[in-house]
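Labels run A, B, C and D following the written order; every chain starts at residue 1.
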Amino acid sequence: QDDVKIALVVKALGIGFFEAAHEGAKEAAEELGGVEIIYTGPTDTTAEGQIEVINSLIAQNVDAIAVSANDRDALVPTLKKAMDRGITVISWDSGVAPEGRQMHLNPSSNALIGEMCVKMAAEHLPEGGGDVAILSASATATNQNIWIEEMKKVLPNYPGVNIVATVYGDDLADKSYREAQGLIQSYPDLKAIIAPTSVGIVAAAQAVTDAGKAGEINVTGLGLPSEMAGHVESGASKSFAIWNPIDLGYSATMIAYNLATEKAMAEPGAEIPMGRMGSVKLDDNNEGAMAEPFVYDASNIDDFKDIF
Amino acid sequence: MISRFLKSREALLAGAIVLLTILIAIRFPAFVSAANLVRVFNDTSILIILALGQMMVILTRCIDLSMAANLALSGMVVAMLNAAMPGIPVPALIALAIAVGAILGAFNGIFVWKLNIPPIVVTLGTLTIFRGLVFVLSGGAWVNAHQMSDAFKAFPRAVFFGLPVLSWVAIFIVVLMTVLIGRTALGRAFYAVGGNPTAAVYTGIDVGRTRFVAFTLAGALAGLSGYLWISRYAVAYVDIAGGFELDIIAACVIGGISIAGGIGSVGGAVLGALFFGVIKNALPVVNISPFWQLAISGAAIILAVAFNARAERRRGRIILRQSEAAS
Amino acid sequence: MLNSASPAIAQHASPLATRPLLTLDGVSKSFPGVRALSEVALDLYPGTVTALVGENGAGKSTLVKILTGIYQPDHGTITLAGEPVSFSTAYDAARAGITAIHQETVLFDELSVAENIYLGHAPRGRFGLIDWKRMNKDAAALLRRVGADIDPEARLRGLGIASKHLVAIARALSVDARIVIMDEPTAALSHKEINELYELVERLKAEGKAILFISHKFDEIFRIADRYTVFRDGECVGAGLMADTSHNELVRLMVGRSVDKIFPKTEAEIGETVFTVSGYSHPTEFADIGFELRRGEILGFYGLVGAGRSELMQALFGITRPSRGAVRIDGEVAVIRSPAEAIRRGIVYVPEERGSQGAIAGLPIFQNVTLPSLGKTTRAGFLQLSEEFRLAREYTSRLELRAAALDRDIATLSGGNQQKVVIAKWLATKPKVIILDEPTKGIDIGSKAAVHEFMSELASEGLSIIMVSSEIPEVLGMADRVIVMREGRIAGEFAREGLDAETLVRAAAGIDKVQS
Amino acid sequence: MSDTTARAIPDRLESRWTTWLKSWEMLLVGVVVFVFAVNAYASPYFLNAWNLSDATFNFTEKAMIAMAMALLIIAGEIDLSVAAIIALASTLMGLALQYGAGTPELVMIGLGVGLLCGAFNGLLVTGLGLPSIVVTIGTMSLFRGIAYIILGDKAFTGYPADFAFFGQGYVWWVVSFELVLFLFIALIFGVLLHATYFGRMVYAIGNNATGALFSGIRVARVKFILFLLTGLMSGVAAVCLTSRLGSTRPSIAFAWELEVVTMVVLGGVSILGGSGSIPGVVLAALIMGLVTFGFGLANVPGIVMSIFIGMLLIGVIAAPIVWRRLRGESVG
């Protein structure tokens, strides 16, 4: 009996978040036994790069592909081809359009993430609220846009939060940094920056520190404890959230395994087991959420900063 | 002297930049506040340094497409070293970054000098090789802010006389290059080699070696920029400054440095870079979507090159002039 | 051999100096396919002007480049003040005290005049940095010394060719040299500037410098030189004191055979007018050009370098546009906007710059030949190689081309053979009028005679030929009629009979108003 | 024969067969065989018709552009804006889609935009006499910049089902439409360059543009046509790629220009102009495709492959020079 080959395709190699997910995948593989994990992805975050990678995975006849997509639509034809050749395809983290995958695992529910971001910003606003700006990743990233939408939905519940701008840093450190600088410059009353991206939040915190506004402008959003530890310490960021990428990689692998070995079916309403993470329930779009995001602040950051 | 300057490309470009700044200032007075101008200059410092390096290479009728990749590799080397051994003093790391950059530049130069391979082919190759080596070296992992020592990150940020060290470094390089280009035999050899390689040989200049030196010096500046970049943004990863090589060349072109070699000035390169800096920094301020930036810089490049070509167009020798004047 | 004019004898006879400052012995230099110098000897004495004469391609400039470290000799020795020397760069030679005005002006258009003069040895100030102020001052002084009224801070690009040449002369003098070499320094200068140059040479002589003077102008040589050396086909064929020789003897040494045989002009039957140019003008290059060309005629165009002859011919060929004027072919007005159109009308142009405008290095010989006639050798746009080879074979064999094979790169041929290919290329288009711009410039003596013979042959077949040439013997030998140009205008038109060199030179330099 | 004289010059020194055997193309054939053999040995998945067919998608679109780029570079010019033309063409196709354009219109728009962009480049280079490398660095930003202005953070999707054929369809068994189209284009360009008047003019211009002008060739016109062709091929690639991805984002085909140029140079085309062949470029495309696919099967990251391609590029160009040096011949 051959090993079950599960490919974890990420947006780009070298990103701390995905490296952590890889750890989780390896943990799942060990737990399951007889599973080989292929961790791969392009070098920069392009759809074309991912397609090349996926083509070579199809050629290797892997049993399952779990992908965090750079482009919701562009991967569909290739992934369809993979499914036609009997390969289990799921997406996680950043999704693929429904026709290109069997199911999608959201790290958390989009509504929860959106609300969490606004809540973290609101909590540290001065009396009477203030200006808040959003620094997003690439303007084309599916999940970013959904979260921003969700944030805007819950705004009525947080009357103090006044969203003044949304800018895009393309998940490039220098561009994000410059965009954050632009925000600080153009909005003298800015009190918080929400960056729902791990690259953006670090760059924004750095920009705030360099502008001498640490403590004055609170940078929050989604980030990795290892990357944010310094900024929490300096006060540039009061708190931020993230789901645990290790858990995410673990869960995606578990689901891929269960679907590939036909221990579960991906259909609306189905519950697919994910080992120690419990199980995920699929909605009408064959999507499910893993867990709530977890908030990190000065009180707990030290426990996590060396893990991921 | 003054009238000669006023007629020069540099004056025109400087005028364009001032005009642009004024236009922005009309709607957003904050843009021309001293603090903001300092910020814009600081933000452009690295581009200025790189453009000056590229200028030397272009002056000798070559081109270096690998500068951004060189920056990434030298930067990654010192970032990883700093992360692994925080005890190494920062000046030593800066020296190392410069040395690594110079070696990579020399690698380009040696192919151009000894094997006569066209510079564009060599640097197209080394562009991917250097970038790939960053990946191999780092295993694709990032070096994050908290892994870098505080001194490492503090250097470009420290403020002296109202300017961050990063800006001072750029100013220092500008002064250094002004002297090198204007007052040394080597600097003048760059012009000679690019302006007329045959005549350069008649003058006793070794064309190949001069090009080699230009590549090496450009590499050294790329190495320096590598350190400055990662310490400023406090992060190092494979893709840093990806695609930046074209911005560098574009700054040179806008600054009036002729791609055919032999024409250009330090002032032009600096102004070309500043033009980019002002545009990049002004867009978010004037609320134009950042998506416009690319198209604007493209249009600026085309206009600049068309304009420079017109200014350069040989006025034709005028045989008839004397006789016309006589009659 | 004539090497009897060995250094020993010459030394003995010299009234001016006893020991040569510089001695060359057995120096040889080959280029792919060409032996430019073989076993040549040369002596230069302090306070003496030595003239080096020889036909085009005799190897004079090659020798200059060896003496200035640009080329390294294949073998042979150079002795400077008793010490054997070898130069690996131009810089070494300059440091040893050898400076040269090269035949082609090798300067930098984008740099200032002062810097062109001092590049490589600029005056240094504090910290070893270039002292621009002093450089400009020194340059101004030097320029005054050569009698040039040029702003040292001006960019070279704006200067005329004569001024550039003066800058080149100033550059040569900017080095403190013991040996000054001048390779055709007067070719681009006007009468007044030439006289100033002569005075300069006298001064240098008085300062005790050894001068090597290369020129094709015999009156000039007899005026300023004390000694002479003659090269022929890369060999040294004679040397001695000017006082001991005569005009005729020098010519005989140079050419090695009787003069009239080189220009085998056969009388062709001159027919009706084929080509008429009237009122032809260009905004900056030439004005009011008018002439006629008849069937079977060879029309010579003479003038000093820079007189605008090439510009005129290129305008006639459609490379540049005239501002005014008309061209008639067989009486019919023709507007020629591009070379393609000129070729279709039967006008072709063999350019002066063989390397950059004539031969297409990188393409095989046969493709060079067929390039303008591809319309005839292709079928519906598709190439017919056998047809191309046939055409190439036909025309190259008429010109007695020497080559290993027709599919060889044209760059592998010697200069003369390249010129034959270029001419063959144009003949293959079956033209009515062929313009030859300096057709024998820089080609060896054998090829030269072949080209001349061929020109006569073409003329007698009824082709009309315009021959631009700066070589007086060639003009006198080949042309049925000569037009002289000066500063973009026609300065005179002369029939073949009774025409002499003096008349041409006077007309070209504008010394006397010559009536035509 | 009548025209044989005593000292006749032979047409050729060696038979065409011998010349071919010693050519750059043979060296590339050797490399192809080598890479193929290594891949077949190293991976059990390599020798599989479907997999090989999938692998062709890695290079066909770039190679189509490389065909036209080869001619352009042989003529002494370069076009760095090709990838940006793809982005602009794809964006405008997507825009037209929003206004209800069907497949035929989409294709027309893709090709038309390519042609227009090529014409724009050509006009700047031949009309104003600007250096192509700088002009196309400028238009590269401009074209992609316009795509960004139009699309911003959005994407165009929902291309019609029959539009998918260009990038995803198969003509016969494992033979994809793209592959057939590429081979067809290669054939056309091969004939154009090697067997026609036009091709001869391209070589003449690349070797000596002034000389070509003096030989009656309309240099500016030929160069303009070459820019048009390069634009057109970028348009074709835009149609194929858009169809293959089924969506358009402004970052589409990012940095492809360097890969295309690498392909052309690896194929033996001199970057200085004047020499090169279409078979060489086709072989180079094949090599790059095989190398990427081979590394991909071993799950080697793309960037490590690029080190290999970079070394291959410098290596194959340096090797003959070093070889001649070692044999003591002088290098020009």
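Assume a residue touches a chain if its C-beta (ideal position, glycine included) is under 8 Å from a C-beta of that chain, and two chains touch if they have at least 3 such contacts.
Just so it is clear, the model here is predicted, and its values are computed rather than measured.
Comparing the centres of all chains, each the average of its CA atoms, the largest separation from subunit B belongs to C. Averaged C-alpha coordinates give centres for subunit A and subunit B that are 36 Å from one another.
Centre-to-centre separation between subunit B and subunit D, using Cα means, comes to 30 Å.
With centres taken as mean Cα positions, subunit C sits 75 Å from subunit A. Multi-chain contact residues of subunit A (touching two or more other chains) are listed as 13, 43-44, 139, 168. The residues of subunit B that reach two or more other chains are 135, 140, 238, 291, listed in rising order. For subunit C, residues touching at least two other chains: there are none. Across the assembly, chains come into contact as A-B, A-D, B-C, B-D, C-D. In the complex of the two chains, the subunit D residues touching subunit C come out as 3, 5, 7-13, 195-201, 203-204, 206-208, 210-218, 274-275. Interface of subunit A with subunit B (complex): residues 12-16, 19, 43-44, 139, 167-168, 172-174, 177-179, 181-183, 185-186, 188, 202-203, 206, 210, 226-227, 229-231, 305.
For subunit D in complex with subunit B, the residues that touch the partner chain are 124, 128-131, 133-135, 137-146, 148-149, 151-153, 250, 255, 258, 261-262, 265, 271-272, 301, 303-304, 306-307, 309-311, 313-314, 317-318, 321-322, 331-332. Residues 68-70, 89-94, 102, 106-111, 115, 119-120, 122, 128-130, 132, 157-158, 160-161, 283-287, 306-308, 311, 487-489 of subunit C touch subunit B in their complex.
Against subunit D, in their complex, subunit A makes its touches with residues 13, 38, 40-44, 46-49, 51-53, 55-56, 58-61, 71-74, 76-77, 81, 85, 97, 138-140, 145, 168.
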